[in-house]
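Shared chain: chain A. Partners: chain B in the first complex, chain C in the second.
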Partner chain A sequence: MAFIEIKNLSHIYHRGTEQELCALDNVNLTVEEGEFVAVLGANGSGKSTLARHINGLLLPDKGQCLVAGLNTTNAEELWQIRQQVGMVFQNPDNQLIAGLVEDDVAFGPENLGMKPAEIRRRVSRALAAVGMEDFRQFAPHLLSGGQKQRVAIAGALAMNTKCLILDEATAMLDPEGRQEVMAAVQRLHEEKGLTVICITHFMDEAAQADNVFVMQAGHIVQTGTPQQVFAKAEPLRKLGLAVPLAVELTWKLRQHGLNLPQDILTEDDLVTALEAAYVH
Partner chain B sequence: MLNNIMLGQYFPGDSVLHRLDARVKLVLLLLMLIEVFVFTSGPAYGFITVVTGLLIFLSGVPVRLVLRSLKPLWWIVIFTFVIHLFSHPGQELARVWHFAITQEGVVQGTLISLRLLLLILLSTLLTFTTSPLQLTDALESLLAPGKCVGMPAHELAMMMTIALRFIPTLISETDKIMKAQQSRGADFTTGNILKRLKNMVPILVPLFLSAFRRADELALAMEARCYRGGQGRTRMKELRIRRVDYWAMAAFVVFSMVMGVSLYI
Partner chain C sequence: MSIEVKNVTYIYMPKTPFERVALADVSLTIPEGSFTAIAGHTGSGKSTLVQHLNGLLTPTSGAVLVDGVNIGDKSKTGRQQAQTARQQVGMVFQYAEHQLFEESIAADIAFGPANQELSAEEIDQRVREAMGIVGLDYDTYHDRSPFSLSGGQMRRAAIAGVLAMRPKYLVLDEPAAGLDPSGREELLQQIKRLHKEQNMTIVMVSHSMEDIAKLADNVIIMAQGKVAAQGTPREVFAQDNLLRQAGLRPPQIAVMMQRLSAAGLPVNAHVLTPEEGLQSLLEVFHVK
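Let's look at the complex of A and B:
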C-alpha cells in the first residue's frame, strides 16, 4: 500500500452559501514512501487545499485520504497523521511560535508529550539536519527568511515526520533563501529517505521531483516525471504555467536544428549537453 | 524610534542568573521591587545600587547593553528629578525665576530617580537572563494553583509566549507600513495631538488586518504541529529548583535583613 492514498477526494468551501466553491473535485493520487513529488498549478487550482488534507487540517467532504493506512477522518488517528506529516507554510514569520529557535523546534515534540531528554536529543538532531545548529539561541526575528524556513523544517523533523509538505514554502524568499531551503530539502530526501510533497509554482523546483502532478480547477490534469510533463509545453502554458527556462530554450534550439537530447531539465544539464555536442 | 524597545530581549549565557529557576527569579524580583518601594532611606538605596551593580556583573550581560535598555526612559527619569527638585519646601539652595531649589528637593529627586532606575535595571536584568519561554513557563507554573478556580493558566502563558515572539515582528511591520504611507504623502509628525492620532488610522488598520491574518496562519501551523492545548504537553526545559536556587533565596534573605537594618542607620 502506498504511503499516501487519496481516493475520490472532494472539498467544498462555504458549502450551501453563495460563495460555494469546489476546490477539489474527485482527486485521486498516490505517493510512495521516499518519493519526491511536486504539485504544480496556478493560484486557486486547489493545490494548497490538497496539501491541507494530507495532514488533516481539512477533512474530506467526499472520498478519503489515507496516510500510512490511517484515515484523516478518524479523530483518534488524526494526531498520528500530523506527527508523520510535517508541514511548512508560505510565510516564514507566521509559523514559528517561540521566542528562541531551540524552543520553537521543541514545540512539536512537547505537544507529543515526550521526555525532556528525548526532546533535547531530537532538537539537536533536527537542527543539525538543516544546518541551523549554530542558531539555537537566536530569536526568530533575527534570522533571514531562508533560515526561518529551515527552522520550520527542523520543527517538523523533530516530531520524526516521515513526510514533509512544503506549501509554497519558498514563495516569499529571495533566490538565495530559496536555494538554501531546497538544498536542505533535497539533502533530507536523499540521505534520510524523507517523502517530500512540494507545492510550488517555481518550475525549477518541480524539475527536482521524481513525479509531477499538475492541477487545474480542483482536478489533476497531468501526471508524470518532470521530463514527461515538461515535454508538452503548450498545455502547461494554457494553464498559466511556464516550463523551466532550460526546457524552453532546449525546445527552441532543437527547432532550429541543434542536436540536443529531449530530456534536459536544468540549466546545468543544458550547458553540459551543449558543451558535449558543440565544444571541441 | 521603534527599535529602541528592549522588551523581552534575551541575552543567551550561562551565568548564575541564567541558571536560576525562572520562578525563583520572578518571585525574588517582585519582592526586591517591593523592597525598593518600602525602604526609602539613603543608605538602603546605596546598598541596593551596589547589589544591582553586582547582579549586572554576575549576569555577564555587557554593561553597555544594560544601559541601552534605559535609553527610552531617560527623559522620564530626568523629568521626575526636575519636578522633585522644585517641589519640596525646605532649605533654599538656589532660585530659578519663581521657583526655589531646595536641599530636600535635591535629596528626594535623587532618591526617586534612583528608584526608577533601579526598577528598570532589575526588571531588564530578568528579561536579559531569562528566555521568553522560561518566563512564560514560570508564569504558568506560578498561576497553576488558580486552575482549580478556572484560571486558564496555560492559555495565558501561551498567549504571552506568542505576544513576546511577535512584538519584534509587529514593530518592524509598523515601521514598514509607516514608510509606505509616508511615501504616499501621509504626515505623522506635524499638527496637534488630535490630528496626529487621526493620522495614525492608516497605520493601525493595515496593522490589525495583518495581525489577524498572522494569527490565523499561526493557529494553523500550531495545529499542524500537533498542538491541542496544555493537556499532556511536556517541556524541553523543565523548571526545577536546584541548589543554586536555594543559595539565591538565602542571599535574598540576607539582602532583606541588611535592608531592614539600614532603616535604623
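Let's look at the complex of A and C:
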C-alpha cells in the first residue's frame, strides 16, 4: 500500500451558503513512502486544501485520506497521522512559538510526555539534520527567514515525522534562504528517505521532484515526472503556471535549430549540454 | 523632486538587551520618475527603510525629505506641511490582501479617500479611476465582496485602495510574493504601466533579481543596515562579489551565462534578461 492514498476526496467550503466553493472535487492520488512530489497550480486551485487533508487539519466531505493505512476521519488515528506528517507553512514568523530555538523544537516531543533525556537527544538530532545546531540557544526572532523555516522543519523531525509537507515554505524567503531550505529538504529526502510533498510556485523547485501533480479548480489535471510535465509549456501557461528557465531556453534554442537533448530540466543540465554542443 | 533619506539611523528597542541597529547612517535618494528596486537579505534593513519613507517609523536620528519637506517635522509651523508630504507616499505592504475588510470592493477602495473627507462624487471618481488602473472592471467588480476574488485580484484591489489616495510615490513591499507565475506577471506588468503611463515613481522591495532586472532602472542593495550598492541593474548585478556578500545572487540567466563564459564559451556574461541570454547564445552557436 502507498504511504498516502487519497480516494475520491472532495472538500466543500461554506457548504449551503452563497459562498459555497468546491475546493477539491473527487481527487485521487497516491504518494509512495520516500517519494518527493511537487504540487503545482494557480492560486485557488486547491493545493493547500489538499495539503491540509494529508495531516488531518481538514477532513473530507466525501472520499477518504489514508496515511500509512490510517484514516484521517478516525479520531484516534488522527494523532498518529499528525506525528507522521509535519507541515511547514509560508510565513516563517507564524510558526515558531518559543523563546529559544531548542525549546521550539522540543515543543512537540514535550507534549508527547517524553523523558527529558530523549527530548534532548531528539532536539540535537533534528537541529543537526537541518544544519542549525549552532543556533540552539538563539531567540527565533534573531534568525533569517531561511533559518526560521529550517527550525520549523526541525520541529517536525523531532516528532520522527515520516513525511514533510512544504506549503509554499520558500515563498517569502530571499534567494539564499530559498536555496538553504531546499538543500536541507533534498538532503533529508536523499539521506533519511523522508517523504516530501512540496507545494510551490517556483518551477525550479518542482524540477527537483520525482513526480509532479498539477492542479486546476480542485482537480488534478496532470501527473508525471518533471520531464513529462514541463515538456509542454503551453498547457502549463494556460493554467497560470510556467516552466523552469532552463526548459524554456532549451525549447527556444531547439526551435532555432540548435541540437540539444530534450530532457533538460535544470540549469546544470543546460550548462552541461551547451558545453558539449560548443565542443562539437 | 525626490525622496531623500539623510543620515538615517534606526534602532529597535533602544536601551534594552534587545537593542538592534536596523539602519546605520543611511543616505540615499529616490529620484522622482524612477523605478527603484530595493533588495537585500532578510534582516538587511530594507523593510525598516521603506517604513521610513512615509513616516510609519521615525528615524532615531537623521531625516527623510519628500520633495524637500522633512516628513518628521513636528513643529507648529511645519506639521501640516509634513503631513501633506507623507500623503504623497503610498505604501502597499506584503500580503496587502490581508488588509481588505469592507463588504464591497468599492467600499474598501473608498476607505482612504473617505477618511480625507472628500465629497461623495470625488470619492466615487477616485474609486473608478483606481480600479481602472489596476485592471478591475468597475461594473463587474465594484459591488462584489473582496473575499470572492482570486489571490492576484485581491492584491490588485488592495493596491487600488492605496492608488485612490493619488500618491506621487508608490512603495510596494514584495508585491508579487506568493502569487502564481501568471498572477505575478500580470501584477508586475500593471506596476510597470503605472510607472510608464501614470508617471508614478515606484519603489519596490523584491527578492526576485529576475523581476528587478526586468523592471527597475535604479537598484539599491541593502546589507547589514547600510546601502551596499546603488546603480542601474546592469551596474549593480555586475558586482558579483558584492552581491554574494549581501546574500544575493544575480538573476538566474546571468549566473548561467557566467558559468558558460567561465567554461570557455564566448557568450555575453553580462546579460540581465532571458531574452538577452537567448540572443547571445544564438550568436555564439551561429543559429538564427
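Points to keep in mind about this one:
Assume the second predicted complex is superposed on the first by the 279 of 280 C-alpha atoms of A that agree within 3 Å, B and C clash if a C-alpha of one lies under 4 Å from a C-alpha of the other, contacts with A are read in each partner's own complex, and residues count from 1 in each chain.
The rule is short, and it goes like this: a residue touches a chain if its C-beta (ideal position, glycine included) is under 8 Å from a C-beta of that chain, and two chains touch if they have at least 3 such contacts.
Predicted model only: the values in this text are computed from it and were never measured.
In the superposed model, A:T225 lies in contact with neither chain B nor chain C. Judged by the touch definition given at the top, the superposed model places A:N160 against neither chain B nor chain C.
In the superposed model, A:E248 makes contact with chain C only, not with chain B. Contact with chain C, but none with chain B, is seen for A:H256 once the two complexes are overlaid on the shared chain.
When both complexes are overlaid on chain A, the residue A:Q186 reaches neither chain B nor chain C. On the side of chain A, the complex with chain B involves touching residues 55, 57, 79, 82-83, 86-87, 89, 91, 93-100, 102-103, 106-116, 119-120, 123, 137, 139-141, 152, 155-156, 159.
Interface of chain A with chain C (complex): residues 19, 41-44, 90, 144-146, 168, 171-177, 201, 203-204, 237, 240-242, 245-246, 248-249, 252-253, 256-258, 267, 270-271, 274-275, 277-278. Interface residues of chain C, counted against chain A in their complex, comprise 40-43, 94, 147-148, 150-152, 174, 177-184, 207, 209, 247-249, 252-253, 255-256, 259-260, 263-265, 274, 277-278, 281-282, 284-285, 287-288. Across the complex, chain B meets chain A through its residues 8, 10, 12, 131-133, 161-162, 164-165, 168-169, 172, 213-214, 217-218, 220-228, 232-238.
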